[in-house]
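Next up: some structures, all given as structure tokens.
Two complexes are shown next, each including subunit A; its partner changes from subunit B in the first to subunit C in the second.
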Partner chain A sequence: MSDPIPDSTAAIALAPKTRQVTAFRRFLSKPLAVGAAVILAIVVLVAVFAPIIAPFDPGASSLKDAFGPASAANPLGFDSAGRDVLSRLIWGAQNTMTGAGIALIVALVLGIPTGLIAGYYGRWFDSISSWIVNLVMSLPAMVVLLASRAILGPTIWVLMIVMGVLVAPSFFRLVRGIVGNVRNELYVDAARVSGLRDWRIIGRHVFIVVRAPIIIQVALVAGVAIGLQAGLEFLGITSGDTPTWGAMLNEAFQNIQRAPMLLLWPGLALGLTSASLVLLASGLSDVLGERGAPAARRRTRRNAAPAIVVPSTSVPAPAERGALLSIRDLAVSYELADGGVREVVHGINLDIAPGEILGLVGESGSGKSQTAFSILGILPEGGSVSRGSVTIQGTEVIGLAEKKHRELRGTVVAYVPQEPMSNLDPSFTIGDQLAEPLRVRLGLSKQAAKARVLELLQMVEIADPARTCAAYPHEISGGMAQRVLIAGAMSCDPDLLVADEPTTALDVTVQAEVLSLLRRLRSDRGIGVLIVTHNLGVVADLCDRVAVMQQGRIVEQGSTEQILVAPEHPYTRQLLGAALDGVDARPEWQPRTTEVSA
Partner chain B sequence: MISFLIRRLLASIVLLFVISAIAFFLLSAPHTDVGRTLLGQAAEQSLVDAKNAELGLDQPVLIQYLNWLGNALRGDLGTSWFTSENVLSAIGNRIPVTLSLMVGVTVITAIVSFALGIWAGVRRGAADRFVQVIGVVGYALPGFLVTLIVVLVFAVQLRWFPAIGYVDFFTSPAGWLSTITLPILALSVGSIAGVSQQVRGSVIEVMRKDYVRTLRSRGLSPRRIIFRHVLRNASAPALTVLGMQFVGMLGGAVIVEQIFGLPGIGSMTVSYTTRGDIPIIMGLVMFTVIGVVVINLLVDIVVSWLNPKARLA
Partner chain C sequence: MTREHSLLEVTDVRVAFGSKGFRKAPNEVLHGVSLDVREGETMGLVGESGSGKTTIGRAILGLAPVSGGEITFQGRRIDNLSARRRRSLSRDIQVVFQDPYTSLNPAISIGDTLSEPLLAQGYTSRDARRRVGELLDRVSLPADSLERLPREFSGGQRQRVAIARALAISPRLIVCDEAVSALDLTTQRTVLELLLEIQEQTGVSYLFISHDLAVVRYMSHRISVIYRGDIVETGTAREVTDNPQNPYTRKLLLSAPIAQPAEQALRRAAYEREFASAAK
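Our next item is the complex of A and B:
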């Protein structure tokens, strides 16, 4: 732990060398972490060279100097027994570092091999060791250390070995968790299939993954060990006259009324060392840990880099705007971690008339969902509409106050999400979740809301509405969940439904049922639907018109028949070709069976 | 749910047995002549032997343990070797002090951590950085150093509260409050640092969930989404961490009670372990582990109430 920086950069040995340099640079760009590393280096040096640096014997006392003031020879003054504070502080560093070192070595030796074995081989070893680890972790370290004091005597080094045992579980759990994940990675499978021996796999593939987290954990555990050690010494239950920071604090605390300043130096030494370890750990985990995590924090830099201006859609905008929904020149941008901006939707036009179903097709990543979210004003963190206009029933929603936009959601425009299971709150019953907007938005009474929920569930053809009402999301099937979500979207009687891949996560028979449900809702209630999909079967089955989207642009728009039978844009032809697989287009399409991701 | 709790309860009982056995055998390992220690160097050997026989120390350790266990199951934890106090009543007298400390710290930690964590997780930006700094500082400073700083500032410099001593709640509620405030404050800093980070993390995680977006699409207000849906889903992991912090708090209580001179089981642990008073140490170990077990069970119950999926487990 004395020299963690070069080690930690080497931890990404799998990455190319430039990566290592970047990690090191990134570490250097964190002033707090660098400062912490410098402080720790100083403490370690002081500890190593204590016999040379310390001006006086730390135990030498002269009672006439008790509480003596600072002087040139004794820059920090004297303690209650007339001993030189600086010398005791320097020797205390050695004591602290040795103690933390003992605890760490014991913890690493115990925790890492067992964690590797438990994570890699699992089975009985895993069960037994995990049980023991849970047992050890449910014991308060301080109480166990005190009990150990009764058994093993007052020698601090022996107690630090016990402490090593007590903190070993943190390494065990860390290593076991990571190894357990890595074990199931494909490249480890591949290595195993290709006949590599287990120890070579562990050495080459597994150990490399756990190195960086272990280094971070070492810093954290060292901080804990130092705190506990000083705590034990502070309690005065350890033996010997060895000068320690904990003992100095104890001695200062006895004289807190007379000379409170005596607390300062050992307190500062202990606090700085401990804080440096934590700061170093957090700096290291920033550098080595979550790389590429979205950092949408620096909002002030939103306009730092100009967005790339891309010419608007190749399809000319119709002069007349759709009465239900009309989108003109809509662009969506995301802030990047480096402060730049990336545009993902480059100025598109769409129109939906009341009662019309428009299909928005394209492959994943083409900006379909971003368009849908913009209409509802629910773009994820970091995303925003950078230009253009969206009107819903004539009301402009871009730039509309969030509160006003919120009033449209649910009652005018509603949303059916893609993944049914992850879109229901797992902590509330279906009935609760469906009733909430009814009560909040429409102000229905409890009974009225309940009755309406049952009606809604009946409307989406759920067989036993009362039972579904009382169920939690994990107790119903994906198809049911999607019906519940459609019921939720319909609950406040909207005029426009934005459905984002509503059938993708469902199996084929359920897909067909959900589509027929949407068709029926349109004919019964006259709602308009924007259905986002990559499935041309859905389009053929359901849509009046289709817009084809590619890389954030709409490349072709027209009636379903026109697009499916006589596509003009090469991308549309490519999509159709991929879907049809060489078979001639039929006017009446069945939902495809080849692309089921249930 | 019920069967889950029964299984947890049985596992906890097994845990108590295992720990009692390990602790007893380890504590009996160093062969010090307890009778000699008690009666002094001058005592006759026959008296020492008689004393050891009286304490049951002439028997094999296994028999000693079974005797202890049999008595413990009947609610008799024996008497202290050195002070002849009844172990149960000695601990019982001190439990209320530690308990009021623990309850105070847990309540303060829960309130402050949830407030800070939600604030940071929802607002992000400067609020988030502020809470993260609190987390690092609170985590980085060893608990007893925080305690010393608290004493120095609030008791020695400002003199708002007494630095030492304890007043029973039933004797004087105001006195109790003035003597317990600083210990609670000192012990809360570390656990607030830990729990608020967890609340922040889970709030951010839940805010990114698909269902939160869907709830927004229903036109519900942010406040409603945060306090009804996000909070409920973020609470379970935060409470689990709070339960884990409890184990650390018990250790912290040892030092805090010692510094503030509170007559709780923490300071009792310090004074009795140095003497190797096995009946008392066994009693303290058992009470501590029972405390941890009870807290873990409570956390499990609350978490399963919050998270319907866990009810099946």
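Our next item is the complex of A and C:
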């Protein structure tokens, strides 16, 4: 069979490795983060090349120069022991960084592998390691460090190893949490079915996801480590033999009356470095954040904005406007990240008479949901109606003040969403959620609202309204949840129901019941319905009229009979041709006569 | 009861998942399910959400624990295998999952995703690269897809990648778990055609799991209907969809609306006559 891949060309037109490039560019567009990275780079360079850069030995003291002033050879002057402050500062960078590095390495080595194993395999290893981690996290870090000093001696490096152990849990928890989620992703299952060994799956599929969060965490923990280390030195807990910024602070503090300026330099170095680490971490998390997230269920369509001007619709707009809903030349646009504008609905016309059910049909990305959202005035962030008119019972809703629009929603037009479960708040009972709009909107008393809720649940054919009323959303089925949402939509007796794929998430047997319900609501109460769907069977079952949408345009519109039995537009024919309703069942299996090699 | 040409046999399989509470009874989702797939055959498995249809597929793939009964592949037991034996079985049994958005690792390029199973089976990297080229061609994806990440592809294209991954080591059986359910109608049709074409050429068997009876009927030689962890009806596609014996199968069949208004009105009337009164 010939194989049309509609948007393959769009994908191929992209430059390879778009992602890495944009991640780097996005980083460059953050001045604070770039500044922080530059400062850190300088600090690291200074630390690495300290032996070359430092003009003097940091330990060489000459008592005659104690508290000596700055000079050309000693630009920052001398400390209380007559040592060159600049040289101590430079060596301090090396020692401070090494200390933080030791703590980090210990934390990474302990935290990441255990986190990976605990997250991936769970079971006893997870229980035991989580228990140990909780124990370590409940220990007060300073007290443990003080105790370690008493037992292990005042060497700063040993204390930094202890600190590494103390911060390891933050890596363990981070990694374990992410891996626990990734383990349930289908691509990990697929890799297992492909015959990959566990360590390969962990190394490739799992580690790649935790990489970015680890980098961010490293920057944060480095800041903490430097701070704690300086704190220890400042308190004089270490021997103070090694020139570090904390030791310099301690020494300066003892002489604060005599030479207050001595506090400035190590303080500045510490402040700048810590602040840079925090800023870098937040910059990195902005840039890398979404990369590490599990697969986004988002469909990115790369339709460029149409360069050619097309007639706004292929179906001419009827002169008379629909009494219940009327849309003329509606266009919806989205602002793009680069400042451009992309139009997703290119000027459509629709009408619904009172009591009429109109189906809006199309594939994903055709703009059918965008049309529904514009009627309700609930377009997502960045989207707006760029031209055209939408009237509901003669009232223009485009450009209507939000307050007026809100009055219209619920009382005149109501909405039934696609995912029933995610539209119910899990922490309130069904009864509470249905009663609230009644009390706010219609000003009913608590009693009256409750009675009305029971009535509504009865109307949507829920067998035991009182029980459902008291139930929480997780206690009811998906089909029941959709009935509850329809009840909610009907609560203020609207004239128009906008239903966005109301049965897509439901089983077919439940779908049949919900469709019957919608049909009965129309015949009993005379409401008009705009139903957005991709399912032509639903259209045939329920709708009086159909509009077929493709790439933001309505290509064909007419009675259900007309469109489904005698379609005129090639796209409608293609859609109907792809449906499998009339196709013959596959014939019986026959053993193959010839062996075929795969 | 080994039948002629039989490839996979699932006999009285039970699957139960332990529940989290202390001393709670495990939750059994399959209560003794039997089915078989012959060489080059498509066995359709249709059921609604919560029926256990996905669990059967996962039990066959070794992703769900089998607590009773047995699964044999080419006469050998494959339930509860050791990790090592299971890995060698991956040469014969593969999978295409429902969601093309989560079944491919977003951070790994298409080329690496496809060569992964080949390298795991001991291909050299040069042979793997050649085979990946063939596979892309086989599923009609452009050759320069190799360097790209999944997010640069549409749903239908991603599903083609997933099919290519399943085909990589020329398996005998592919479990298709709702393989086209997330796709648009026209894309769905082209992917189904691709699966049929591959079966025609390679003689691979499919266990085709779906909630959509129309799709299953089109794809399958035989169909089993599963309801709440039990198979309620099995037969040729024609028997099951034209003359269903089990009331649940009838309900499933009649409740799926079709795109012909006049005929759908009749079906709806039949459905309401038969089931709506019972529901109340």
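Heads up, the rule we're going with is that the second predicted complex is superposed on the first by the 400 of 598 C-alpha atoms of A that agree within 3 Å, B and C clash if a C-alpha of one lies under 4 Å from a C-alpha of the other, contacts with A are read in each partner's own complex, and residues count from 1 in each chain.
Quick note on the criterion: a residue touches a chain if its C-beta (ideal position, glycine included) is under 8 Å from a C-beta of that chain, and two chains touch if they have at least 3 such contacts.
In this text, all values refer to a predicted model and were calculated from it rather than measured experimentally.
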First, second, both or neither for A:574, with subunit B first and subunit C second: second
Subunit B versus subunit C as contact partner of A:155, first or second or both or neither: neither
Touching partner for A:458 - first (subunit B), second (subunit C), both, neither: neither
Touched partner set for A:196, first subunit B, second subunit C, both or neither: second
Contacts of A:540 with subunit B and subunit C, given as first, second, both or neither: second
Touched partner set for A:437, first subunit B, second subunit C, both or neither: first
Partner chain in contact with A:135 - subunit B first, subunit C second, else both or neither: first
Subunit B versus subunit C as contact partner of A:419, first or second or both or neither: first
Subunit A residues contacted in one complex by subunit B, in the other by subunit C: 297, 299
Contacting residues of subunit C [partner subunit A, same complex]: 4-5, 38-42, 48-49, 61-63, 83, 87-91, 93-95, 97-99, 101-108, 116-117, 120-121, 140-142, 144, 147-157, 162, 165, 168-170, 184-190, 193-194, 197, 201-204, 211-215, 217-222, 236-238, 241-242, 251-252, 254-262, 264, 268, 271-272, 276, 279-280
Of all residues in subunit A, those that touch subunit B in their complex: 135, 137-143, 146-147, 149-154, 223, 226-228, 230-231, 234-235, 237, 249, 253, 256-257, 260, 263, 267, 270-271, 274-275, 277-279, 282, 297, 299, 373, 376, 378, 380-381, 406-411, 414-415, 417, 419, 422-428, 436-437, 440-441, 472, 474, 485, 488-489, 491-492
Touching residues (chain side subunit A, partner subunit C) in the complex: 1, 3-8, 11-12, 14, 16-19, 185-187, 189-198, 200, 204-205, 208-209, 291, 294-297, 299-300, 363-364, 461, 463, 478, 507-509, 511-513, 515-516, 534-541, 560-561, 564-565, 574-583, 585-589, 591-592, 595-596, 598
Interface residues, subunit B side, partner subunit A - complex: 15, 18-19, 23, 26-27, 29-30, 124-125, 128, 136-137, 139-145, 148-149, 151-152, 156-157, 163, 208-211, 213-221, 224, 228-229, 232-233, 244, 247-248, 250-252, 254-255, 258-259, 269-270, 273-278, 281, 284-285, 288-289, 292-293, 296, 306-309
